[in-house]
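Some structures to go through are shown next.
Next come two complexes, and both contain chain A; in the first it sits with chain B, in the second with chain C.
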Partner chain A sequence: MTLYLEVLEIAAGAVLVCAVVTLWRRDVRAIVTILAVQGVCLGIVAGDLAIHQRDLALGATALLVLAAKGLVVPLLLRRVLRKDPRSRETTPLVNIPASLVAAAALIVLSYVVSSKIIALDPSPATRLVPLGVATVLVGYFLLVTRQRTVSQIVGLLVVDNGIALVTFLVTSGVPLIVELGASLDVLLVVVVLQVLATSLGSRFGSFELDELTELHD
Partner chain B sequence: MLTLLVLVFPLAAGLVALVVPWRPWVGWVAAGADAVVLALGIALAVTTSRGHVQHSLGGAVRADALSAFMVLVIGAITTLAAIQSVRYLRIEREADRCTDRHASLYAVLVQVFVTCMLGAVLAANLGVLWVAVEATTIATTFLVGHRRTDGALEASWKYVVLCSVGIALAFLGTVLVYFAAIHPGGGPSVAHGVGTLNWTSLMAIAKHLDPNVMRLAMALLVLGYGTKVGLAPMHSWLPDAHSQAPAPVSALMSGVLLTVAFYALLRFKAIADAALGPAFPRTLLVVVGLASLLAAASLLIAQRDYKRMLAYSSIEHMGLLALGAAAGSTLAIAAVLLHILGHGLTKAVLFLTSGEIHQAEHTSEIATVGSLLARRPALGGIFGVGILAIVGFPPFSLFISEFTMFRAEADAGLWWVVVVALGCLCVIFAAMAGHSRRLLLGDPDDGTVAVATPRSVVAPLVTALVACAVIGVVAWPLQSLLHAAARVVAP
Partner chain C sequence: MTATVSTVHVWSGIAISVVQVIALVLGAPLALGLMAKVRARVEGRVGAPIRQPLLDLRKLLTKERVHAEHASAALPIVPFVVAASVVVAVAISPLISTSPALSESADLLVVVSLLLAGSVALAIGGLDTGTAFGGMGASRAMTIGALAEPALLVAVVALAIQAGSTNLPAIVAGTLAHPAWAASPERLLALGALSIVVLAETGRLPVDNPSTHLELTMIHEAMVLEYAGPDLALVTVGQAMRLGLLVALIANLFFPWGVATSFSPAAIAIGLVALGLKVTVIVVVIALVEVRTAKLRLFRVPELLAGGFVLAVLAVVTGLVTR
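Moving on, here comes the complex of A and B:
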C-alpha cells in the first residue's frame, strides 16, 4: 500500500517536473529527451494504478502509453530535428527566468482549480490531480511562448500528457476503447505535424514560425 | 442495420479510391456513396422521428432523431461537395497543379473525413464522439494543405495545432464528466466501465452529477468543442483554413464539420442542464455566441477576400447557433437544427461557387474580380442569391430559423442579447452587401463576352438553393423530425 503511494507520488511529481524542465532548457534535443522521460513516468503512473487495482485493461493502457509516449513520439520528433540542424535552439518570446516564475504561478492556480475535483472524491490518487492540471497549464504556456515548430509540437504533447495524468488519477483511465482511440489520434497528429514541419522547413528555409505571415487580416 | 450501412458506404468508397489509381469515375463512386448516405439518412429520419432508436454493433452505434437529422445534413452537403470535387480535381489535373497520386489522396481523405463525421454523430459513447471529432482534424489537415502553396501550408499548420490543443480541453471535460458519473452524489451507483460514458446512461444519472465538477467540465467542453465550432475567441484558425482549402473541402468544413462539433456541445449541454440547471450553460453560450458575432461583424467590414468573407460569415452563424442553444427551449433547439441545415446548404453552395470563381479568375480579391454578374451570369447569379440567403432574406429557411431563435431568446428573458445580436447582424448585412456589390456588379471592360457555366455545375447548386427556399416556405417534411430531434436534448 505505501509502496503504491510512494511510486504514484514520485512518478506523478516527475511528470510535472519534466514539464517545467522543458521551459527551462533551450536545447530542443534535450527537450525531446525530457518529453520521453515524461512519457515513461506517465506509463509508470498507469502501471502502478493497474497493479494496485489488479486491472488488466489499465495494465494494457500503461504499456500502450509507455510505447507511444516514451518511444514512438520522441523518435518521430528526432526525425524532424535531424532534417534541420538549425532548429536546435529555442527562442522563447518570454525569457527563461520569467517563464519559470509564470510556471510557479500556474502551479498555484492549478491547486485552486483542482480543489473542486478533490472535494468530490478525496482519495490519495485524486489528491495528486493538481500535478496533472499544472502540467496542462505549463504545456499551454510552452505552446504560446515558443517559435520553433518542434517546440510547439512538444507543447502540444505536454498538454496531452497532463490530461492523461489527470485521467489516470481521477478515473484510473477512461474506458479502453476511448483510450485506444485517443492514443491513436495523438499519434496521428504527431505524424501529421512531423510531415507538415518538414515541408514548412523545406519551403520557408527555416523552422521559425515567425516567418509564417502570409495569412492575416 | 441502417446505422451501420451509413458508415460502410463512404468508407467503401474511400477504399476504392485507395486501391484504384485516380480516374474521374472514382470520384463519381464517392458521390454515389454520399448520395446513399443521404437516402439512408432520410430512412433513419422517418423511423426515428416516431421515437424509435436504432442500434447496431452491440449498441456502440446508436441513432436517435438528433443523430438521424445530422446524418441527413451530412449526406446532403457531402453529396453536393463530392460532385464538385470531381470537377475540381479534373481542372487541377489539367492545369498540372496536382498529380494522380495527390488526387487519390484527396479522394481517400475526403471519404475518411465524411466517415469520421458520421461516426461522431452516430456514436453512442461520448468518449468515442471525441475520438471521431479529433480524427476529423487529422483527416482534414492535408486537405486544407492540398494546394501546397505557402499559404495553404501555413493554414494547415495553424489549423492542426489550434484545433488539437483546443479539442484536448474537450477531452479533459469529457474525463471530468466521467469522473462525476462514477461518483454520483446520492444517486444510484454506477459501474466503472465502457457504458458509463454512453449518452443514455449519462442522461439517466445526470441529475445526480456533482455540480462543482460539472461546472468545470462544461466550461472546458465549451472552450474545447468551441474551438472546433469556430466560436470566438478560439476562431483564429477558421478564416485561414477555409480560405486556403480547396473549395469542396471548405464547403464540407463550413457546412458540416463546424456543426458536427456543435452537435457534441448540444449533447453535453443537455447533461449539464440536468446537473446544474440552465443558467450556467446559458451564460457560457451567450458569452461565446456574442463574442463570435462581434468578431465576425468587426472583421467583415474591411474584408477584401471573398473566401475569407464567407469564412467570417460562418463564425457569425456559429455565434447565432450558440445563442439559440443558450435559449434552450424545444422551439429554440428545433430552430437551431433548422439553421444548421439551412446554413450548411447555403454556405456549401457559396463556397463551391467561390471555388468556381477562383479557378476561373485566379484570384480571391474582391476588387480584382468585379463585374462578375455581367461576365459570368450563372456563377454571379448563384453567388448573389446565396448571399441573400445567408444574410437571412425570406423565403430561404435561414430567415425563419433566425427569427424563431430570436423569439425563443426573447422568451427566455435574453432580450438584451437579441438587441446586441440584431445590431451585429445589421453591420454584417451592410458589409456583405457592399462586398458582394463590388464583386458582382459594375461594367465589364469593353469587348468582354459573357462566359457560360456548364449546366452540370449549375444544376446541383441551384437544386440546393431551391431546397433551402422550399424548406423555408413549407417546413412540413421536416417538422416532426425537427421536433423529435429537439426533444432529445431539450425535453
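Moving on, here comes the complex of A and C:
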C-alpha cells in the first residue's frame, strides 16, 4: 500500500519535473531524451495504478504508453533532428530564467485551481492531480514560446502527457480503445511532423516556423 | 528533569560543538585537498597530497600581516567576520549530534543568515581597496547570492512543511524517526534545489572555478586578492568550512543515519565517523561532476539558479499535495 503510494508520488512528480526541464534545457536533443523519460514515468504511473487495482486493461494501457511515449515517439523525433543540425539550439521568445519563473507561477496556479477538483473525491491518487494540471500548463507554455518545429511538437506532447496523467489519476484510465486512439493520434502527429519537417528542410533549408510568412503556390 | 541533569546537557552540548568546530577546521581543508586529488587522478595527474591545503594554511599563518596602503579599517576585520560567522554556524548545526550547544536556536534561517553575513563581509572587503578586480568579484558574488537566496529559502520551506519546524536538529531528528521522509518526492526535489544552491554559494563549478585566476571568470578569487598571510589563511579556512558545513548539512538533512541522538561518547564517535564518510562520498561526487563540467558563462548562471528556484517551488507544491 505505502510502496504503491510512494511509487505513484515519485513517478507523478517526475512527470512534472521533466516538463520543467524541457523549459530549462536549450539543446533540443536533450529535450527529446527528457520527453522519453517523461513517457516512461507516465507508463510507471499507469502500471502502478494497474497493479494496485489489479486491472488488466489498465496494465495493457501502461505497456502501450511505455512503448509509444517512451520509445517510438522519441525515436521518430530523433530521426527528424538528425536531418536538421541547426535545430540544436532553441531560440525561445521568452528567455529561460523568465520562463522558469513563469513555470513556478503556473505550478502554484494549478495547485490553487485543482483544489476544487480534489474536493469532489479526495483519495491518495486524486490529490496528485495538480501535478498533471501543472504539466499541461507548462507544456502549453513551451508550445507558445518556442520557435523550432521540434520544440513545439515536444510542447504538444508534454501537454498530451499531462492530460494522460490527469486521466490516470482521476479515472484510473480511460477504456483501452480510447487510449489506443489517443496514442495513435499522437503518433500520427509526429509522423506528419516528420514529413512536414523534411519538406520544409528541403525547400527552405531551415525548420524556422516564423519564416513561413508568405503564401506560395 | 533535575537541575544537575540539564547542566550536564549544557556542558555536553558545548563539548559536541567544540568537537564539531575542530572537526571542520581540520576536515574541511582536507575535503578540499581530496577534491583536488580526485580531479588530478581523473585527469591523469598525480596531484598534490590530500593534506596540501592544511600545509598551505600553516605556511600562511607564519607570515606577517600586510595590508594595502589605501585599505580602510574594514579590510583587517573582514577575515575575522568571515571565519567567526562560519564557526558559529558550525557550532550550532546538527553535524555529529542532534543536540549541540544552542541547538534550539539552530534555525535554518539563522544558519543561512550567518553564512550570508560572512559573504557580505567578504564582498565589503573586496570593495574596500577600490581595485577593479575586488569590485568586480564583489558585484558578481552578490548577484549570484541574490539569485541563490530565494531558491534556498523556498527549499527550506519545503523541508519545514514536512517536519513542522524550521529547526535544523528537529528536521534531522524527524527524518531519523520517519525514514520514509527521506525518499518522499518533496525531499528529492528540495535536494536537487539545495545542491544547485550549494554549488553556487560555495563558488564551485559550474558557477565559479576555484582553481583559476583568469580575470574574466573569477568571482571568489577576485575578492580575496588583497589578503596575505594570516588574513588569507582565515578567509581560506572560512571558505573551506562553509563548503564543509553546507555539504555536511545536506548529508544530514537528507541522509541522517549515524547522527548521534544521545550524549554517550560512543554515539558521538559514530556520529563523527559517519559524518566523515558521508562528506567524503559527497565531495568525491562533486569532484567527479566538476571534472566533466565546463564553467557556465556568467550570463547563463541565472538560468541554473532559476532552475533551482523552480525545483524548490515544485518541492513545496509537491509537499502540500502529498501531505
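Structure notes:
FYI, the second predicted complex is superposed on the first by the 214 of 217 C-alpha atoms of A that agree within 3 Å, B and C clash if a C-alpha of one lies under 4 Å from a C-alpha of the other, contacts with A are read in each partner's own complex, and residues count from 1 in each chain.
Rule of thumb we're sticking to: a residue touches a chain if its C-beta (ideal position, glycine included) is under 8 Å from a C-beta of that chain, and two chains touch if they have at least 3 such contacts.
Predicted model only: the values in this text are computed from it and were never measured.
After superposition onto chain A, the modelled positions of chain B and chain C are compatible, with room for both. Using the contact criterion defined above for the overlaid structures, shared-chain residue A:E9 touches chain C, although it does not reach chain B.
Touched residues of chain A, counted separately for chain B and chain C, are more numerous for B.
Residue contacts after overlaying the shared chain place A:R127 against chain C, while chain B stays out of touching range. Once chain A of one complex is fitted onto chain A of the other, the partner contacts of A:P97 are limited to chain C, with no touch recorded for chain B. Taking the Cα centre of chain A as vertex, the centres of chain B and chain C in the superposed model span 150°, given to the nearest 10. After the two structures are overlaid on chain A, the closest C-alpha atoms of chain B and chain C sit 19 Å apart.
On the side of chain A, the complex with chain C involves touching residues 2, 6, 9-10, 12-14, 16-17, 20-21, 24, 96-97, 100-101, 103-104, 107-108, 111, 127-128, 130-131, 134. Within the complex, the chain B residues that touch chain A are 125, 127-128, 130-131, 134-135, 137-138, 141-142, 145, 148, 150-151, 153-158, 160-161, 164-165, 168, 171-172, 174-176, 178-180, 182-183, 185, 192-194, 196-197, 210, 212-213, 215-216, 239-240, 243-244, 299, 302-303, 308.
Residues 113, 116-117, 119-121, 136, 140, 143, 149, 152, 155-156, 159-160, 163, 166-167, 170-172, 174-178, 181-182, 184-185, 188-189, 192-193, 196-197, 199-200, 203-204, 209, 212, 214-215, 217 of chain A are the ones touching chain B in the complex. Those residues of chain C that touch chain A in the complex are listed here as 180, 183-185, 188-189, 302-303, 305-307, 309-311, 313-314, 317-318, 320-322.
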